[in-house]
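Structure record follows, encoded as structure tokens.
Order of writing sets the chain letters: A, B, C and D. Residues in each chain are counted from 1.
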């Protein structure tokens, strides 16, 4: 049997990190040899996380870049933005192929500093990183050794809107991306507002007009900027739903539009364009790497509506990261990613 | 002690009807003397609905218009659209003051037929009904004997956007109302899509571009039509959150805008305009008749965002109906409606 | 108009404290003159808590015992156990009538120290406090100036089981109280396990065999001790459901049993004994001070099952505290407590 | 490449059937060749169920026993109890290996009729069916051609309690199984009580003392009968949590007990016995075929508590059915079942 690629996860105690462990431990093409995310002594992973009780041979250890580089060919870094990028760069310097799930390497330094309100990773290294929105950057990912995995909102919005660029539809105003996310996207740090007692039965907008995924989206949707991204919290754990509104000058034929989308994504394994009249549902993708897209045209107001959904921890984070690794390693793109959504 | 006004509820087995019973049974200015909504024999209300176990003297009976008219001065009709209007008219004909919570009497006949896909109540009686958005139609309600209580989405959207009309801000495109609702708004009839197993952890858009509250909203927001109303389902029982997007030609000062809203709603008991920078949360109004509104201006994209929230069964239905009755009867507007929201 | 009793809430930033503010601000017999719970400067309450946006005249201030005693005749203390008792005693020393919602004054010192693993309030003051389970201690509450308001699990279990004591049914083993609670009972402090992402769709037992409400329950159910209390977390905000199992030696007639319960609680405003065959539902009491009880006998296994439900923040905490105040002040027991549950 | 075993699912429009399709379509040892569950014309499965959008080659067809038998070696029948058994027998008669997920073939006829209140499948065929609780009936399953897959509550309770039988601990009264289930266990038929608006934030007991899984459990726990099974509804989609109470005569050492359990289930791939002091959580198994068990002894009341959790649609239904098929076909028992739980 051929040797499997040795991979590691840094930041395994966060939600994206956990999802990486979940996906990689069952991935037939790799061997998960390194799991870091813990301060203090080495402990069995299953002891900290009973959901991994069947992964009896894995341990959770404190991060050590030397060690990680020695034991892994590919490393996924899923630390909070502000910390993640530097670790990713250090591992890249040591020769690993690195997929960073944070926002640290996705933007040019100036833009990063404007939206994240902190200094960018020094050395202009962001330029080296390939933006890992797989369906739109596959060619670059094939050769990349440093991949900036996209944000969850960004993935959902870009998959929804990018096919429109080809059509050059004259617009009549701002493109609005009204996005709703489950709270796992906000991370695992205890926060009063995210306690179940406060968030259950609740819904609200946050970071109004200031969400840091905005420039990522604009960079991929040239011609639509400046757009407005409104991010809102759903009282659920997982999933992102985007309702994008594109006001246009003239009548659009809904069937033609749907056909165009179906053509664009026709050979994609993870993007499904729904038939005319059908609207995506969050629960039809949760637990999978799928993204469902639906298009609609409102003739009265001449607004194109594009709806898209995905699981923020899969296609919006860990799943897409594994998809990018598959591309990079020359594996079939859905290796280890074929799980169907959990419904109901 | 002065005799209390005798009131009745028709359609008490639906969610709006239940909420009417809840509010009216504790209302100090009225006596709830008639509760209909049941086919078959008269039964104690508490037997059918254990949440009403303390209302030991109320019974649930089959609808009888003569009887209702005899026993009530004011009747609330909360039957499904398509049935409700006719019953309301019959009661009105008998001399009752009638508040109809359905969509049947809110629109001119032609518009009703176009959006509801069924014949309007005959006789052009819609013209007689006053549109009961209390804050904007108080003078007409004072004298009304037939009130068409507004739709839940319509109330939320109109309260959010109507203060903008005075400002005559030049627009750059379509006004989009992205609305999200708890499922109690869809009624109590068993429906597979609304089973908890299918709707929990879910979110999706429905009636895309076709929601029947659209013309109600447009009628109250002259100058903004045609607007786009997108209605979406939250995996919770109660509450509506509206994110309204108004693209404008020029810079708007957020504080001036907020002040304008605060002036418009300054003396209103149920509408709170939040301070600049604060966004409404659904859970801050659930169980109350309150509506919270927040305004924001995105300078990059020149889009005004207005957020508003309310409890769809209170300010969006039964609460506003009682508020209208209070106006009509000359009672303080918050009589029986002063309950604070249930948080957490 | 007669002067209303001046009352205060200490610990208003916790969930029980918030519920006290909600109830007392609408209570017709009292004036809420003091709200403490905040460190730092005095701020408008509505600024911190938008759910209280209509309470424009209230401020939140840092606790000052002298001040509280000067401004209030009755003070509710809703601080965490370990802090609350001492504050309650200090206010009592200053002459206030005090209702303490913590566990600090409910148990004799030795028992407190054994179950709470910390020193009891010194001076054996626990003996002075009346245990405020209203339905069973009304006579003592009438004269009390220091009331230890019961625990939420304890209230639910005692209301369920205490009527059995009269019957002297020979038992065949341990009484088991299997209790489930919404997470608001665990307090407002940010805790990873109570984040929505971790607790939604979840359920588990905690403090197995060690919950500190056990001795409270046993003290009120003499003859049933030692019993087993198993406390479990529901993925919801509010509500407690108790399933109590009492194995008995001989056949019990279910109707006779139900009649006995109905007699015991016949004149109680807040306890409803359901008809035979009907089981309480959590959602039939949420938002109200009601407790629903249902009894059942399983002839095969000779086990009596008693089910009871209540809202942990109302009858399980703030509502019962207000009920106790009403008794103490000679007001009708349901003054300010007549809100019906919020359903759906 | 070796030919894969041809399998079919009957009842694919129910929740267990959907889960079977989800598992079998990704199972490397079988080919899903037949999916029935639909009345009317043959339609693409993905059209009816967008969660299966990637299964583009499957169709949903009306049930035809001849056809099913021709196209499948193994058929899973997941129809409602009362219908399922007859279909299973018909397929078995045609030579298929059949795994029936309903309750129809689990009990002797007389017991079935007493608990299900309908006639049993005629011909005493129940005797032919092997009870498919894999961990305890593996030897019989190896040779079985007709397997009665256990009930969800039964699986959870039996896995929790069966290891106790060896210990012969003298008991002091009735064994009580307090069980809580997500609502997907109640099926997919629209039902008012299971609408999200009614069930969210709710919890209650149902079929008190009358749940039809009781005799299944008793048959596997000889010596513990009659026991009391109390079934209760959680406001979530998936998962079962059992708290079992076994009152015993003498002190039990918790560590010894835990060791015994760990020995009994030591080589099992799907049953994890948690370390002393750890309690199972529902969310640690959802989406997987895992069952977690935790044991505890309450010395004060001399009650043994055993907690167990599983996903009712996996180990409680479809997952265990596939596990049984794997045993029967001589495949590694976790083939197609190795997905880790979805957390958070």
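Worth pointing out:
Just so we're on the same page, contacts are C-beta pairs under 8 Å (C-beta built on N, C-alpha and C of every residue); 3 or more make two chains touch, one makes a residue touch a chain.
Keep in mind it's a predicted model, so treat the numbers as computed, not measured.
Chain pair with the larger contact count among B-D and A-B is A-B, by C-beta pairs in contact. For chain C, the chain whose average C-alpha position is most distant is A.
Here the spacing of chain A and chain D, counted between their Cα centres, is 35 Å.
Once the centre of each chain is set as its mean CA position, chain A and chain B turn out to be 39 Å apart. Here the CA centre of chain B is 45 Å from the CA centre of chain D. Shown for chain C are the residues that touch two or more other chains, namely 15, 182, 184, 197, 200-201, 235-238, 280-281, 283, 286, 344.
Taken in their complex, chain A has these residues touching chain D: 15, 18, 22, 25-26, 47, 49-55, 184, 200-201, 237-238, 269, 272, 274-275, 278, 280-281, 283-287, 290, 292, 338-344.
Here chain B touches chain A in the complex through residues 172-174, 176, 178, 180, 182, 197-198, 200-206, 208-209, 226-228, 230, 232, 234-239, 241, 243, 245, 247, 279-283, 286, 296, 298, 300-303, 305, 307, 309, 344, going by the rule given at the top.
Interface residues of chain A, counted against chain C in their complex, comprise 15, 182-184, 188, 190-192, 194-197, 199-201, 235-237.
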